[in-house]
Every structure is written in C-alpha cells, then in structure tokens.
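Two complexes are shown next, each including chain A; its partner changes from chain B in the first to chain C in the second.
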Partner chain A sequence: MITFATISFLGLPLLAILLLNIVRKETGGTISINIGFVVSIIQMIAAVVCLSLLWLHGKDFIEFSLFWDMNATLGSARFSVDLFSLVVLFCIGMVSLASLLTAKKTIGAKALNYTNLLMVIMLGMNGIAVVTDLFSLYVFLEITGIASFVMIALLHDKRGLEGAFKYLVMSAIASALILGSLALIFTQTGSLVYGDVANALADWRNAQYAPLLVVAFVAFIAGFSIKAGIAPFHGWLPDAYQSAPASVSVLLGGIVTKMAGVYAIIRVLNSVFVSMPMINQTLLILGLISIVFGAVAACGQRDFKRILAYSSISQIGYIIIGIASGSLLGFVGAMLHFFNHATFKTTLFVNSAAVEAQTGTTDIDQLGGLQARMPVTAVSSILAFLSMAGIPPLAGFWSKLLIIIAVWQSASVAGGAIALAASIFTAAYFLILQRKVFFGPLEDHLTEITEAKGTISLAAVLLSIVTVAFGVLFPVILNFLHLQGIL
Partner chain B sequence: MNIVSAIILTAALLMIIAGMFCLVRTYNLIRIIIAIELAMKAITLLLVFSGWVNGNLALAQTFVITMIVLEVIVAVVAAGIIVSLYRKNGNVDIRELTNLKG
Partner chain C sequence: MEGQGIIFICIFVPLIGAFLLPIIGRFMPRLRNILALLFVLTAFISAAIALPQALSGTPILWQMELPLGFTMGFLADGLAVFMAMTSSLVASIIVFYSFGYIEHYPNQNEYYMMVVLFIGSMMGLVFSTNLLLIYLFWEISAVCCWRLIGFYRGKDIVLRADKAFLVTVGGALLMLIGFISIYVQTGTFNLLDMQGNAISNAAMVLILFGILSKSATLPLHTWLPDAGVAPSPVTSLLHAAVLVKIGVYVYARLFLVNFQLDAVWETAVPVIAGVSALVSAGAAMIETDIKRIIAYSTISQLGFIFLGLSCGTMVGAAGGLLYILMHSLAKGGLFLCAGIVEHSTHTKDINKMGGLAKCLPITAVAFACCAFSVMGIPPFGGFFAKFMVINGAATSASPWVSVIFIIGAVMTIIYLLRVFIKVFFGEITHPDIKEGSWEMVSSVSILAALSLLGGIFINLPSYVTTFIIESLGRW
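Presenting the complex of A and B:
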C-alpha cells in the first residue's frame, strides 16, 4: 500500500506521459484531459493515504526509490516524504485538478499538448517535493521550468511568447546562480545529500574555502529568490502570469512558482542551512520588502491577472518571513499559508479565467457590475479575497496570525508590525478590484454576459468550500497538530 | 589555495562576468542565449573543479553530464521561442518586447 502510494507520485505522471503519446492527435483532446483528471485525483488520494499511514506508524518520514536500490552506491537518488512534502503534494494535485477543470472549457484544440506539459510539470513539482539531495533538486527545478516556459507560449501569441522569454531568461540566470553555488558547496562537502551538506557546513567558518562559501550562500539565496519572485527579483513574474493562457495562469499562480521557489527555500533552509542566522535575517528582510512592495504595486495595476500576480509576490513574502523567523510556529504557519495561498490564489485565477472566457478581457477598466451576471464567480472571489486579506474565520486569517506571532516572538517586533500593517494594503487592492469588476452598475456592453457554466464554476465552488471549511475547522486542525507533537 | 585552483577559479569568474556583461549590453535575443550559455559553461568548469578538489571526480562528472543535457533543452526551448518571435515581429530585437506593462 505504502510503496504504491509513494511510487505513484513520480511513476504516475511518467506513465501518463507515455499514455498521452499513444492517443491520436486529432481525437485525443477529451481523452487526454480525462487522463489528467485521473492522475491529479489519484495524487490527492495518495497524499492523504501516505499522511494517514505516516501518523498510523508514528514515523517522521518515509524513504523510497523508483526502480533502483537506494542504498547501492554513493550518489544514488533517494526520495523521502514527510508531513510538509505530503501537504504540498496534495496542493499539487488540487491545483492541477483546478487547472484541468479550467482548461476543459478554455484550452480548445491545444488540449493534448496542454495535458502532456501538465504531466511534465507535475512530475517536476512532485520531484521537488520528494528529493533529498541538492543536485536532484536542481534537475527537477529545470524540468518544471522548461515545461512552464512552453506552457506560457502554448497559444503562440505575441504576449505569451514575450512572457515566456522573460521567464526563461530570468530562470536561466537563477539556475546558473543555484548551480554555481552548488559547485562551491560541493567543493567543501564532497556530497550534495541534504544531511551530509548540513554536517559538513556546521563548521563552515573554519573551512578551507570559507570566502567562497559566503559567495555560494549569496548566490543560493539570489537564485531561489528569482525562482520564487521575491520582491527585488520579481521582474518576470507579473509578465509571465499575465501573458499565460487562463488555465496555465491557474497552475503558475497556484503552485509552480511556490514549488520552484518557496518550497525549495523552505526545504533547504530546514535541512541544509540549519544553523545559519544570517541567512534567516536576509530572508526576513527580503520577505518584508516583498510584502510591502507587492501590495503597494498591486494597487496601481489595471489588469485582473496582473493584480493577482503582484498579490502573489506579497503573499509569498508572508510565507518567507514565516520560515525566516526560524521557530517551529513560523514553520507551521508557513506550511499552512502555503496550503491556503494555493487554495485562494487558484480560486482567484479560476475566477479571472471565467471573466476572461465570458467577457474576452481582463482589463478592469472595461469591466463592472458583473456581480449580478456572474454570481458564482463573484461570491467565490470575495471569499478568496477575504481569506487573503486575513479576515476571520476564513483560512487565510489563521495562517497569517501564526506567521505574525512567530515573527513577533522570535525574529523582530518591527517585522511583525510591518507584516501586520501591510495587510491593510491587501484589503485596499482587494476593494479596488472587487469594486471595478464585480460591484457597481453594470456596464452597457456587458448586459449579455452569463455565468461561466460547467467545470470552471465547479472548480471555483470546490476551492471556495476548501477555503471556508479549512478556516472554520482550523482550531481542530491546530489541536490535532498539537496532539501529534508537531506544534 | 594553490596556483591551479586560483587559475581555474579566475577563469570561471571571468567567463561568468563576460556572460553577464553580454547579457546586460546586448539587444539581440540570440546573443542573450549565447551569454547565458557562456555563463553556464563557467559553472560546468566550477563543477569539475569542485570534484577535483574534494576527490569525488566521478560524482562531479555525472553532475556535469546531467547538467549539459538540461542546459541544451533550455537552449532549444529558448531558440524555439526566438524563432516564433521572429515570425511575429520580423526581427530579434529585445526592445520590441514591450507588450506587457503594468
């Protein structure tokens, strides 16, 4: 049971890629989307099964390999899942499902190509979640990255190609920085497995090449900050999100940048750079800049998807300061905010896809009063935005609260205060967007608009249910984590 | 630090600086890809160097081979995007890429 569940994380997307290349191109559209549904639903089930088995056996992690002997020699890849990676594996399944539900209505003739690339991207993200050495992490980062460049340019339009090229160049620079720092770290450690590197770096100040290691740490943070789109390194992110096709924006905004950047930072910080307060302080400052910058910049935007992109920068800042606080409370807060951000940002991108599919534009100046015409979209976007702004009892409130308490307690009071104050800007851009798109009088040219029926609404409803349920049941979850000895 | 490592590190640094300088100075999309490739070659050199320093040359070689494969795929995707952009815009000038603004 447990072997099957763990292997399915990497084996199933691979199998699906093989299957998808057997079906005929002319008729394969619907079949391919259905194969995608099966894979993402099985992934969610497998994550839940693994999570319950983990608690049943009282283990911290499960190690596995795909089809090789993981104890064979030095350098053989070894995978492992723990609580955090299972939570993100569940998120990957959930967001892929939402993206597929959106794509079923919007992607049209490109369905087969889209599902193929989605499987590659899922393989890459699942890989990032389960690897235990830095070089495999880089390999899966590249797989995810390459699939996302192609997906952004999927429709071959001018904007998509431009966004894809900007993402590609920034991502290639990030890869160069990450790999360069891996080479410098490898000089010192002789192995890139998380545990070995952590042991070798415990006494890095006395190392032979200590100045080179400082260069390596700086390059490492810079590289992953580019991948995550943290504020001074965010240039590509709004362009990529805005230019991508609707269903690809759901995927990128919901999970891809968070896996490639934020998850990798958290994993590396937790298992490799364990006792380096300077890295935590750097990330704290970067996270605070991101929170404030993203929220202020979002207020000045005029495009639905671009506002969501800037709000992603801001929310990723919250996850980063949570982990940079260095305490267990901050880690749990970051993990829960990761889950919550995946839910509510996916809801909002699904809503933007619904608006785009029905009205043909995402420019908020041309929209107005859609509340009456598109009730499901309007209500789910309000719920998602309230959750993002941190209004109780929705899910976002609890995780933000944990993060701010953790930063207040263990890192800096000023940091916590800034993070708290920036929540007001979140409410500000939320109000601007809601007022321009959903509230107010109906624009004359929009009177014929109807609700986006079928799968898009289904995705929005399902994700809203998750947001509300997670918020209302949050004390139960927190209590459960407490009983398990995690918090 | 002996003389050989100093030379290799200096060479890698110079290659990275050359790549980044080219990246900043050029307006040509193809030259941007060449600049990135140049910087990645320097990283390859660094990886081999690190394997030589710590005595795990075999492991470093596997890293280098894997990395070359990935880097080629990135270059191919980039070239594909540049060809499509050339068909849309009629040139390969990065100053034409201004459709997306906030």
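Presenting the complex of A and C:
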C-alpha cells in the first residue's frame, strides 16, 4: 500500500506520458484529458493515504526510491515524503485537476499536447516535493521550468510567445545562479544531500572559504526568489500569467511558481540552511517588500489575470515571512497558507478563465455587472477574494493569522503589523475587481452572456467548498495538529 | 452547563438559515420572506429566554478548548443578552418593513440572505468571549454591509459600498493588530482568561480605530452618510439600529467588562465623542438630503453613547446602555419613516417636500414620536437615556465635557425640528401621494409606540441596564 502510494507520485505521471502517446493523435483529445483526471485524482488520494499512514505509524517521514535499491550508497537519489511535502503533493493534484477541468472547456484541439505537458510538469513538481538532495532538486526544477515555458506558448500566439520568452530568460538566469550556488556548496561541503550539507554547514563561519559560502547563499536566495516571483525579482511573472492560455494560468498561478520557488526555499531553509539567521532576516525583508509591493501594484492593474498575478506576488510574501520567522508556528502557518493560496488563487484563475471563455476578454474596464449573468463565478470569486484578504471565517484568515503571530513573536513586531495592515490593499483590489467585473450595473453589451457551465463551474464550486470548509473547520484542524504534536 | 442550546439557537438559526433563504426564494418568495422574519424572531425569543439566567448571576457559558490560547466560547451575560434583544427586536421590525419596501426590486434573495446573515453575525458577536470570534463576526457584518449598501448596483452606489467596506475593514485590521499585541502579551485570545488585565495605550489606540470606524465616529465617520444610498430598511438596520452599535458594544465589552484602562481615556474618549457629536450635528443642520441628515444625527447620537460608556461613572454607563436601546428604536423608526417618504415622493431632498402630514398622517405622527425620543423630550424613552448620560458625565472626573453634549442636545432639537417642519408642514408639494404599504406603516407605528412606551415604563429597561452595570462590580 505504502509503496504503491509513494511510487505513484513519480511513477504515475511517467506512465501517463507513455499511455498518452500510444493512442492515436486524432482521437487523443478527450481520452487524454480523462487520463489526466485519473492521474490527478489518484495523486490526491495517494497523498491522503500517505498522510494517514504517517499519523497511524507516528512517523515523521517515509523514505522510498523508484526502481533502485534505496540503500545503495553512491549516486542514487533517495526520496522522502513528510507532512509538508504530502500537503504540497495534495495541492499539486488539486490544482492539476482544476486546470484539467478548465482545459476541458477551453483548450480545444491542443488537448493532447496540453495533457502531455501537464504530466511532465506534474512529474517535475512532484519531484521537487520528494527529493532529498540539492542536485535532484535542480533537475526537477528544470523539468518543471521547461514544461511551463512550452505551456505558456501552447497556442503559438504572439503574446504567449513573449510571456514564455520572458519567463525563459529570467528562469535561465535563476537556474544559473542556483547551479553556481550548488557548485560552490559542493566544493565546500563535498556533498549535496540535504542532511550532509546541513551538518557540514553547521560551523560554516569557521570554514576555510566562508566568503565563498556567503556568495553561494546570496546566489541561492536570488535564484529561488526569481523562480518564486518575489519582489523585486518578479518582472516576468505578470506577463507569463497574463499571456498563458486560461488553463495554464490556473496551473502556473495555483501551484507551479509556488513549487519551483517557495516550496524549494522552504525545504532548503528547513533542511539545509538550518542555522543561519541572516538568511531568515533577508527573507523577512524580501517577503515584506513582496507583500506591500504586490498588493499596491495589483490595485493599479486593469486586467483580471494581471491583478491575480500581482496578488500572487503579495501572497507569496506571506508564505515567505512565515517561514522567515524561524518558528514552528510560522512554519505551520506557511504550510497552511501554501495550501490555502493554492485553493483560492486557483479558484480565481478558474473564475478568470470562465469570464474569458464567456466574454472573450479579461480587461476589467470592458466588463461589469456580470454577477447577474454568472452567479457561480461571481460568488466563488467573492469567497476566494475574501479568503485572500484574510476575512474570517474563510481559510486565508487563519493561516495569515498564524503567520503574523509567529512573525510578531519571533522575528519583528513591526513586520507582523505591516504584513497585517497590508491586507487593506488586498481588500482594495478585491473591491476594484468586484466593482468592475461582478458587482455594479450590467453593461449593455453583456446582457447575452451566460454562466460558464460544466466543468469550469464545477471546479470553482469544489474549490470554494474547500476554502469555506477549511475556514469553518479550522478549530478542528488546529486541535488535530495539536494532538499530533505538531503545534 | 444547562441552557447552552439557547445560545446556539440564537446565533446559528439566523447564521445558517440565511444561506437557505436564496434557495427557498427561487421557488417561493413569500415563504422566504416569512422564514427570514422567523429566523430573526427566533434570535429575539431565544435571547429573551436567556435573560433571566443572565441576570441571575450565573450566565450560560459554552467553551471549546483550543491550543495556543485560541479557546473559543459564547457567554450569555446581561450585557450580551441585552444587546442581542435590542438588535434582534429592531431587526425583526425592519425585516417586516422590508416586505413592503423591497418587493419591487431585483436581487431580493441576496437582500434577505444578507440581512439575516448580518443579524446572525451580530448575535455571534455579542455572545463571543474570544477576541478572534469578535473579529470574525465583525468582518462578516462588514461583508453583509457591503453587499447591502450596493443593493441598487448603480456605479456610484457600488463605489460608496466599497468605501464603507474599506473604512470599516481598515479600522478592523488595525483593531486586529491591537488584539494580536494583547495576545502576544497574555498568550490568549480568550477574554475570560484576561479579565481585569491592564491594556497598553498603543493597543487601546489601535482597537479604538476599529471601534470608531464601525461606530462611525469622527474622524472615521464619512462612510455613514454616503451609505444612505442603500434601501431605507438597510440604512435603518445598518446605520441606526445594529451595525453602528457593534462598535459601542465592543467598547463596553472590552473596556467596561474586561480590561483596565489608563485614566487618560476617561477624558480622551469623551472628548473625541464630543467633537464628533458637535461636528456631525452641525453637518445635519445644513444637509438637505433627508437620509443624510438622519445619518449625521446618528453619528452625533453615537457620541452620547460613547460619552456614557466612557465617562467612568455608573449612572453614565447604565445610561449609555439605555441609550443604545432607545436610540435603536427611535433612529430605526426615523429611517423607516424617511423610507416611506422617499418611496412616496421619489426624492430625498427636503427642499422639494412639504405638507406631507396631510397625505401621510401616520408616518408624520410616527416620525414625530421617534424624533422627540431622539431629541430627548419627556416622556419619550430617549429623554431618560440622555438625562442619565449627561448626569453621569456631569458627576465624572471631567464634568465640563457634559457642556459640549448639552450644546449637542440642543442642536439635535434644532435640526430634527427643521426636518420635521420642512417635510411634514408648509406648502403641499405632493398632493396625490398615498401612505406606504401596511407592513411599512405598521412597522413605523410599532417603533414609535415602543419609543413612547419605553419612556412611560422606563422602570423596566432602566432597572435592567442599571443592574447589568452594577453587576460588573466596577463602581
């Protein structure tokens, strides 16, 4: 059972890629999307199974390997899943499912290409989640990155190519920084396995080439900040999100950049750079800049997807400061916010996909009063936005609260207060978008618009249920985490 | 402990029931209306049932133990039950009034859902024993308020709804920062665990921002007159009877019941309230939009409530509570009367009205009764409340504050008489208009009658409020 569940994280997307390319190209469309459904649903189930096994056996993590002996000494990658990676794996499954549901309605003739790429990207992200050494991390980062460039340009339109190119260039710089940093770390520590590097770095200040290590840390943070789109490294992100096809934006905004950037930072910070307060301080400042900058910039945007892109920058900031607080509470808060962000941001990108599919535009100045015509989209977007703005009892409030308390207690009072007060900007762009798109009077040229029926609405409804349920049941979750000894 | 069920009924029947209303409304609008009224009445009745036990000294308490000091609970003490009864009583009448007022407009499903949800969150807020729960219900009420103000969906109407949302949420966020600073000090959000704690001035300032923004007090009051673009029952509900009372209630809950305040606030808060009362009374004198006048009058009267609660004397505090009740009844009535006038004449400009007493006799009488109560003319209920508040202030540490409020009271009389005379007397401008529907007229009559009866039988409410304040054991 447990072997099957763990192996499915990497094996299943690989198997699916094989399957997808056996069927005939002409009939492959719907079948391929359905295969995608199966893979993402199994991944969610597998994550839940592993979580419950983890708790049943009282273990902190489960180690596994793919086709080789786990105990072989040299040159073999080892994988491991713990609470955080399982939560993240669940998110990957969930967002992929939402992306597929959106794609079913919007992707048309490109279904086979899309699903193939989705499987590659899932493989990459799952890999990031389960690896235990820095080099494998880099490999899976690249897999994820390359698949996403192609996905952004999937429709071969000019905007998509431009966005993909921007992302490609920035991402290449990031990769170079990360790879350079890995090389420096390797020369100084002689290993790239998380645990070994952490041990070797415990006393890094007295190392022979300590300045080199500092360079490595800086390059490392810069590289991952680009990947995560943390301000001021965010330049590529709004363009990439805006120009991608609807279902790809769902995927990018919901999970990809969070995996490639945020998850990797958190993982490395927690298992490699354990004893380095200066990295935490740097990240705290970067996180705060992101929060404020992203939210303020979002207020000035006129495109549905760009608003969401900037709000992603802002929300990633919260996850980053949570982890930068260095406390357990902050880590749990960051983990929960990771999950919540995946939920509400995916909802919003699905909503934008619905609006785009029905009206043909995401320019908010050309929209208005859509609530009367698209009630499901309108209500789910309100719920997602309120969750993002930290309005209780929705999910986003609780994770933000934990993060802010953690920052306040362990890192900086001002940081906590700023992060909380910045929520007002979140509320501001929420109001702007709602007023222009959904609330307000119905524009004359929109009276014929109907709700995006079928799978898009289904995705929005399912994700909204998760947001509301998580928020309302939070006391239960808190109690549960406490009983498990996590908090 | 026994009787916990009654709190749950009081909170969760409207809170959960609200979400059923749009579903029912799709098929049976009539049933939806009746259910909406029923849910709010349920809250009132269950609060009334909880009253004897609340006053007996062993209030009903329900708690859920949570780690990290998040322990949540509901407590039905005298203050909470009094507030729950006041708001659900006025809210029931307002919902009943809506039957007539709202029936010709679209989005009724959303309207009833938001009104009932709003009452549910109010019930939740008054019983909460946890700062986070207070914040939670506070924000739900802000969201409802936002949807309700924007009910008519016009471009500038939605803009004003957004303004109200931003101001109250901005204030609430500052308040939450204050709450977190308290949490970091004490390690808990549970009010019962920090009874009698001193609170830092920084936290007090932050929390005060939240309270002032919600209770529309200077300098965070501007959203309230603007919110007059909402349907009249909504303005009545939000801006007279319930929403603005959330701020004063939380003030009472935190600073009368729970925390020790620095002595400086016994002067500072009355001064803020006094300035607010005077400035807004001045604004009410020059406005020509009937709903804006009444809205400014609300801001002004809220100053009196703050004065009573913050002046540091027992009479004042009891008067402040009594004021909440009397003001909710009378101001709710005034807004509903304004609604009837607006409905009949299709204008809100008092210069374009005159002699309406001829065609709208019942509304005119009801308006007069409610206005007298707000002015503080005996034997209406408002008189006793105003008397107790000013009496309390005059015997407090800084008696000179009461002078400001006496001036404010005089101004109240002037601007309300001005409205009344302009609208109901003089040259007849609208000769062929009719009274509102029977639901609307009977609602305002009930509120007017209650304002009068509340004054004639002042013993009962004043006994309850004095008892509640005495049992706090502060003085």
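Observations
In the analysis below, the second predicted complex is superposed on the first by the 487 of 487 C-alpha atoms of A that agree within 3 Å, B and C clash if a C-alpha of one lies under 4 Å from a C-alpha of the other, contacts with A are read in each partner's own complex, and residues count from 1 in each chain.
Keep in mind that, in the parts below, contacts are C-beta pairs under 8 Å (C-beta built on N, C-alpha and C of every residue); 3 or more make two chains touch, one makes a residue touch a chain.
The structure displayed is predicted, hence computed values, not measured ones.
Contact with chain B, but none with chain C, is seen for A:168 once the two complexes are overlaid on the shared chain. Residue contacts after overlaying the shared chain place A:297 against chain B, while chain C stays out of touching range. In the superposition on chain A, contact is made by A:392 with chain C only, not with chain B. By the document's definition of touching, of the two partners only chain C reaches A:435; chain B does not.
Residue contacts after overlaying the shared chain place A:461 against neither chain B nor chain C.
Shared-chain residue A:421: touches chain C; no touch with chain B.
Of the two partner chains, chain B is the only one touched by A:191; chain C is not. Across the superposed pair, chain B and chain C touch chain A at no common residue. Taken together, the chain A residues at the contact with chain B in this complex read 74-75, 135, 138-139, 142-143, 145-146, 149-150, 153, 156, 158-159, 161-166, 168-169, 172-173, 175-176, 179-180, 182-184, 186-191, 208-209, 212, 238-239, 242-243, 297, 300-301, 303, 306, 310. Against chain A, the residues of chain C that register as touching in their complex are 64, 66-68, 70, 72, 106, 132, 135-136, 139-140, 142-143, 150, 153-155, 158-159, 161-162, 165-166, 169-170, 173-174, 176-177, 180-181, 183-184.
Chain B makes touch with chain A in their complex at residues 1, 9, 16, 23, 29, 32, 36, 39-40, 42-43, 46-47, 49-51, 53-56, 59-60, 62-63, 66-67, 70, 73-74, 77-78, 81-82, 84-85, 88-89, 97, 99-100, 102.
Against chain C, the residues of chain A that register as touching in their complex are 329, 369, 372, 386, 389, 391-393, 397, 401, 404-405, 408-409, 413, 416-417, 420-421, 423-424, 427-428, 431-432, 435, 439-442, 475, 478-479, 482, 487.
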